[in-house]
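Here the structure comes first, spelled out in structure tokens, and everything after it is commentary.
Note that the chains take the letters A, B, C, D, E and F in the order they are written out, and that residue 1 is the start of every chain.
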Amino acid sequence: MPFVNIKITRDGVSPEKKALLIRGVTDLLADLLGKNPRTTVVVIDEVETDNWGIGGETVTVRRQRGE
Amino acid sequence: MPFVNIKITRDGVSPEKKALLIRGVTDLLADLLGKNPRTTVVVIDEVETDNWGIGGETVTVRRQRGE
Amino acid sequence: MPFVNIKITRDGVSPEKKALLIRGVTDLLADLLGKNPRTTVVVIDEVETDNWGIGGETVTVRRQRGE
Amino acid sequence: MPFVNIKITRDGVSPEKKALLIRGVTDLLADLLGKNPRTTVVVIDEVETDNWGIGGETVTVRRQRGE
Amino acid sequence: MPFVNIKITRDGVSPEKKALLIRGVTDLLADLLGKNPRTTVVVIDEVETDNWGIGGETVTVRRQRGE
Amino acid sequence: MPFVNIKITRDGVSPEKKALLIRGVTDLLADLLGKNPRTTVVVIDEVETDNWGIGGETVTVRRQRGE
């Protein structure tokens, strides 16, 4: 019954990678906490780099500087 | 003053249906809990089926199997 | 499969009221959008009035003023 | 280490304004609470006006009425 | 830089289990998506069973029935 | 009408500091984006250090090491 929300920057992650991530997180919750995988929900949010800030700067600006 | 976030898969729900959902949730909070509808906020997130997992699989894959 | 998060101030809402709210939101999503109630998840967060701000003030302060 | 999520309606806010908002919120958390700006994360969600409800109505409908 | 929020029912999960969960999710994001583990944030919310609904019922009620 | 959710570790922030944070964020949104402060909502979540992970470790463990 867990609900997991994963926020990442929008960088063209493939559907196959997303499927592996969902499988991996669901398995972790089953293995570590005994949670029922059938009712585990995982939602991935992909966020534009202009809309993600860290260290007081957007990811867009950080990447332009080569970070 | 309540804040409600509703996450659903992106399936082309019409603006009219969204408006009915917002009205319905706002009324429920007023009727059951006495919350002021004027300051009740409802935000609907529509999520791609590749980004929504349940039972360790994406909704995309489940629908391809006919579920 | 929808996921709903409802944030309200912590004001001693009874378990019975919470159950009615969960039932009501689940039914709305089934009736309006055809969502399967069996996999609809609703999570209620109760927030201290010191931690909820509206209009630039905490709810604690607003209530002290009689609002 | 704080995490801040800001939801606003999608109204064409420029990358420069978003950058200023991220900088401002990060500075506030450093100045008021002593939080390390280097690990402060700010994520901005821009929401369609059809998907944002207040007072039981969508923002789309309210704006059509001139509010 | 990913941000992960995990919501589970409050059932007395030990700090050691939580640490393993945080480690596991962080490693998954590094292994699958190449995300930097140093800036990956994971926040676990533990929710009272009265406040968690699935299938239109609270978890409290479902457990009383033996589900 | 913006909605802001601020997650910080639970470290005994005073009600006065929280009130300043709410005021500051509300003012920023008004000054930078022209948002109406009367309908701006800010919710602060305080999270136990066992439940907050960064760099694959809980904040509890990091603090024990003196970080």
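As a working rule, a contact is a pair of C-beta atoms (placed from the backbone, for glycine too) under 8 Å apart; a residue touches a chain by one contact, two chains touch by 3 or more.
What you are looking at is a predicted structure, and each value in this text was computed from that prediction instead of being measured.
Common neighbours of subunit C and subunit D, by the contact definition above: A, B, E, F. The chain pair with the larger count of C-beta pairs in contact, out of B-F and B-C, is B-C. Subunit D and subunit F carry the same sequence, and matching their CA atoms takes a turn of 180 degrees, rounded to a multiple of 5.
Subunit D has its Cα centroid 20 Å from the Cα centroid of subunit A. Taking each chain's centre as the average of its CA atoms, subunit A and subunit E sit 14 Å apart. Those residues of subunit D in touch with two or more other chains are numbered 1, 3, 7, 25, 39, 41, 43, 52, 54. Across the assembly, chains come into contact as A-B, A-C, A-D, A-E, B-C, B-D, B-F, C-E, C-F, D-E, D-F, E-F.
Within the complex formed with subunit A, the residues of subunit B that make contact are 7, 45, 47, 50-58, 60-61.
The touching residues of subunit C, when paired with subunit A in their complex, are 1, 3, 39, 41, 43.
Contact residues on subunit E toward subunit F in their complex (touch as defined above): 15, 18-19, 22-23, 25-27, 37-46.
By the touch criterion stated above, subunit A contacts subunit E in their complex at residues 1-9, 13, 17, 20-21, 24-25, 28-29, 32-33, 35, 39, 52, 54, 59.
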